[in-house]
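Inspection log for the structure reproduced underneath, given as structure tokens.
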């Protein structure tokens, strides 16, 4: 199982705040997960497209498409930050 | 008449906080006044020597050796500032 | 080090005192406070709504503060960021840096602001009289953070 | 604009609020506080004694603040400098700058500190357990002020 969290505009676009997933065997890296999520349909496809500026964290640390994903991980997806 | 004010280490060295002077006719500029004060003797001589780093104000504005002095002016003499 | 993500307001003087408490080696306190300002297109802002990533935001702010303490000769730092609904002229964020020297305090304080604006998971939504929308990330902020490298 | 040379202490939060009072265009408050720190040779400082030139010091601080308001896009500024006898860890000086933008607030605040340290008629005397002496002007401070030209 992995935990997926969505924040800010992404949370609203996808109408999803969090979900749990049995990690599909084919998913080893963030890039695989994004591809898999994009396959869910229109809003997901554009949110996780290659040219979207979405950011990702793995276990609350900033990560990238190449970052490994393991069972039990917490993955966060969010738009560029605008605090301060 | 002019008012002379001395501050900080200079006030202590000269043992003078303020004084009033009838402006001698020969004094037109700050440089003349410094020369005149230096003639008072040892402590005054070193305080107003050419290579002392003393600062001067005329009517509460920073001034220089070339600044004019007129009757009624307030002249301040002090060491480099160390506030803040 | 004081790191907090909170709904309630903060007091600059109290946070500064807390950092300096009992110390006699502090010569400089630099602080920065960010406030809600109406930047909406029609100047009709009702409030900003601040969202964060509980857990990660705090870790991220802590890591930015640790980064500053390694790069500058400073003694301690505080970062307090508010979340929830904030009205115009309310406080959003406070950064305080204490140091023996003013130059280090100023630089580290500015660095912390530039970094938290581009590195900490926090998002602003504008609630105006005519609708709501998420604030877009600014190129200026990205550049300001890059400049510290 | 708030300019004051005074014996009593100040409160950063109150001065900031005073400057921002009733305004909704302020996005940034930068402050700097200078504190008494023991820089004496034998670390035996009892107090600093601050002397000023009544009248001229206030005018000079005002003119430095006006200078900053012309050079940067800032909305207002406060400079409060204490005089008299101040013990270690007590406040000496407060500079507050309010602005729409953080960059201008930071820069103007640092400029004000650098300028007042070299331009305003104020003098520090160290009172230590072994005697008193006047603090010498620092080359670093002169250079910091020159750098703004």
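Note that the chains are named A, B, C and D in the order they appear, and that numbering of residues resets to 1 at the start of each chain.
We adopt the following convention: a contact is a pair of C-beta atoms (placed from the backbone, for glycine too) under 8 Å apart; a residue touches a chain by one contact, two chains touch by 3 or more.
Remember, predicted model here, so these are calculated numbers, not experimental data.
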Fewest touching-chain hops separating chain B from chain D: 1
Distance between chain centroids, defined by C-alpha means - chain A, chain C (Å): 26
Rounded Å distance between chain A and chain D, as computed from the means of their C-alpha atoms: 49
Length of the line joining the C-alpha centres of chain C and chain D, rounded to whole Å: 23
Two or more partner chains touched - positions in chain D: 34, 113
Chain B: positions in contact with at least two other chains: none
Chain pairs in mutual contact under the definition given at the outset: A-C, B-D, C-D
Chain D to chain B touching residues, read off their complex: 34, 50-53, 55-56, 59-60, 81, 92-93, 113, 116-125, 134-138, 141
Chain D to chain C touching residues, read off their complex: 11-14, 16, 20, 23-38, 88-89, 100, 102-103, 105-106, 109-110, 113, 144
Complex interface listing, chain A residues touching chain C: 5, 7-9, 57, 60-62, 76, 78-84
